[in-house]
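Submitted below is the structure of interest, expressed as structure tokens.
A, B and C are the chain letters, set down in written order, and residue numbers restart from 1 in every chain.
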Amino acid sequence: MADDEFEETGQVISVAERLDAEALIVDVDGFEGPLDVLLTLGRTQKVDLTKISILELAQQYLAFVERAKTLRIELAADYLVMAAWLAFLKSRLLLPPDPEEEGPSGEELAAHLAFQLERLQAMRDVAARLMARDRLGRDFFARGIPESVERVKKVTYTATLLDLMQAYSRLRTRDEFRPYVMDRDAVFTLEHALERMRGLIGFAGKWTDISSYIPEGWDKDPARIRSATASTFAASLELVKEGRVELRQSETFAPIELRRKEEQ
Amino acid sequence: MSEDTQETDLEAGQEESLFEAPPIGEQERMVEAILFASAEPVSVKELNGRMPHGADAAEALVHLRKRYDGRGVRVVKVGDAWAMRTAPDLSFLMQKETVETRKLSRAAIETLAIIAYHQPITRAEIEEIRGVSVSRGTVDQLLEMEWIRFGRRKMTPGRPVTFVVTQDFLDHFGLESARDLPGLKELRSAGLLDNRPPPSAMPALGEGDEDAGEESAEGQSELFED
Amino acid sequence: MSEDTQETDLEAGQEESLFEAPPIGEQERMVEAILFASAEPVSVKELNGRMPHGADAAEALVHLRKRYDGRGVRVVKVGDAWAMRTAPDLSFLMQKETVETRKLSRAAIETLAIIAYHQPITRAEIEEIRGVSVSRGTVDQLLEMEWIRFGRRKMTPGRPVTFVVTQDFLDHFGLESARDLPGLKELRSAGLLDNRPPPSAMPALGEGDEDAGEESAEGQSELFED
């Protein structure tokens, strides 16, 4: 049987290694994955983790997997992936480097595995130190009768101008309060524009783009923009005619600007 | 404040014989820790039971009590047991005021809007515009927020009081005066008056008394748009 | 330190002079009372918010901490907050108060330590360190105990969420901050906390679909049960 195994795997497996592997198999369910198995195997080398022989470890692990196979124990995929990779690593470490081959050398791969093992072991060590600390509710205690902080809740109410306007609009759109129902949605009339601008030009001391006189709500929908722009422009011309404002445009299609005409 | 010379020999005390009581300073620490952590007042008997052999909780309590005299925490007797409590004069610290901001109710905002647009206005007039009665609570809330106040009485029969908006109201909404409120036309051009439900949704949608209003508004606009 | 504008000052503070802070001894009493009353750590910001206007909780804390030095109860720092806790050397008196904590699995303990020492850390990074997938149950348990929480997302492809430890974690293990974790410096200088990406040919253990991982683990245990 031992000979068979030897031939089958083509690996040198010492009796001790096989026994180790067997011992692990019994408890395979208790392992937290392949790194855990590797750490446990590494411990049997009885050396500092930093000095561990990755080659030997790979061998030990492969023996473990072989053993599981002969015992018809199915290992999770992770364990098999690790086995395949360690077999690959082993060949890399044993064979002279192939100059054609790209990627990290066997030594680099082995070094990273050693790092992973050392790091996992370090995490386990500090986890144990952490759990051994004085702990709240076990070694030190919080106040037994906490006094509740009375929350005095003060509610303030608020509303925005928009809320206010919407509320008013809602009321006014009800029934008899709809005197403006004839207005067409997308038409901003010349009268409207004139009325609006008369109120505003007092502030136009500086050259201002006339498009800034387009009222809010008329600057999104294209039909409304067109209507509002046309009527605002017409109203501006009207105001020029009245001698109240000046208009200018630096070139064709440039913004048309407006300024209050100072009284002489 | 360095009253406790006892404390220095603490460590030594612990290492000494099991049958010798710990120094009184140490006993005081023990009572302090037990009272602090206990969920209930603890009797002297129980204290002694929990403390090392030979300890005298009653004496330790005398010291502990003195130590906390005038502090933010006191050692108090509750029945025949002992507990630690925050000093009563600091009870105000056990309150935490939080301010929660809520949106004004629909009734309140509508009432407020009507007052703002029509001030000075009587309650009856508000009700006429809203089409529903205005609850006392709504008006009181707005008065309390100091967004409205009483204006002059109307020179009409019964001389009803009127409501007007306040400076606080103007400040809150960023208005110079109530006249700066956008007019109906502006509301319309801002798209605020276009909130009509689609014609297909015509029969009885919406809530309560509003329904009727909206429906007829719709009927009207359809008439005109045709 | 920005003042919390949402929480208005306390009544008492307002009643007193608005600009004169209470004497430091009085402030110390106040901090003492607040910390004493709370089972949870209280942040300096909250202390200041609850104390009268102009008080400096941070300074009062320095005095208070000194006052409790060597006592049965200590003033301890937990992250940005402060708490009063019994002295650990008196734990032998406290059997009665001991709270049974849920026993953590080995996987949970390891995961917790990895998060604490490597935070902020993604699930994939935890898996790379442990070499196995991290089950949802493990993370959920730690989240539920409020020992870990979600940190900021990593600015790497997929913007994975990260985990960090909480104030409760620090409180439970008596740590002032995550910098005081045992052995942190040694680990760091040994390079064991470096984020060293695996060489390209390394198998990605436990990474990817955690459900798949759980499934296979399950499949395995089923096999053993047969």
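The rule is simple: a contact is a pair of C-beta atoms (placed from the backbone, for glycine too) under 8 Å apart; a residue touches a chain by one contact, two chains touch by 3 or more.
As the structure is a computational prediction, the values presented were derived from the model and not from experiment.
A.B. asks: Quick check on this structure: which chain has its C-alpha centroid closest to the centroid of all protein C-alpha atoms?
C.D. replies: Closest to the centre of all protein C-alpha atoms: chain C.
A.B. asks: Can you name the chain that lies farthest from chain B, using the mean of each chain's Cα atoms as its centre?
C.D. replies: A
A.B. asks: Chain B to chain C: how many Å between their CA centres?
C.D. replies: Here chain B and chain C have centroids separated by 30 Å.
A.B. asks: Rounded to a whole Å, what is the gap between the Cα centroids of chain A and chain C?
C.D. replies: 22
A.B. asks: Using mean C-alpha positions as chain centres, tell me how far chain A is from chain B in Å, no decimals.
C.D. replies: Chain A and chain B have C-alpha centres separated by 36 Å.
A.B. asks: For chain C, write out the residues touching at least two other chains, lowest number first.
C.D. replies: In chain C, residues 8, 36-37, 50, 84, 86-87, 94, 97 touch at least two other chains, as defined above.
A.B. asks: If I count partner chains per residue in chain A, which residues reach a count of at least 2?
C.D. replies: Answer for chain A, listing residues that touch two or more other chains: 141-144, 147, 149, 154.
A.B. asks: Can you check the complex and tell me which residues of chain C touch chain B?
C.D. replies: 6-12, 28-34, 36-37, 49-51, 67, 70-73, 84, 86-87, 90, 93-94, 96-97
A.B. asks: So in the complex, the part of chain A that touches chain B is made up of which residues?
C.D. replies: My answer: residues 141-145, 147-161, 163-175, 177-178, 180-183, 185, 188, 192, 215-218.
A.B. asks: Please output the residues of chain C touching chain A within their complex, sorted ascending.
C.D. replies: Counting only chain C, the residues touching chain A are 8, 36-40, 50, 74, 83-88, 91, 94, 97-99, 101, 106-107, 109-110, 112-114, 116-117, 129-132, 171-175, 181-184, 187, 190, 192, 196, 198-203, 205-206, 213, 216-217, 219-221, 223-224.
A.B. asks: Taking the touch rule as given, give the residues of chain A at its contact with chain C in the complex, in rising order.
C.D. replies: Those residues of chain A that touch chain C are 29, 32-36, 73-78, 81-82, 84-85, 88, 103-104, 108-109, 112-113, 115-116, 118-120, 122-127, 129-131, 133-144, 146-147, 149, 154.
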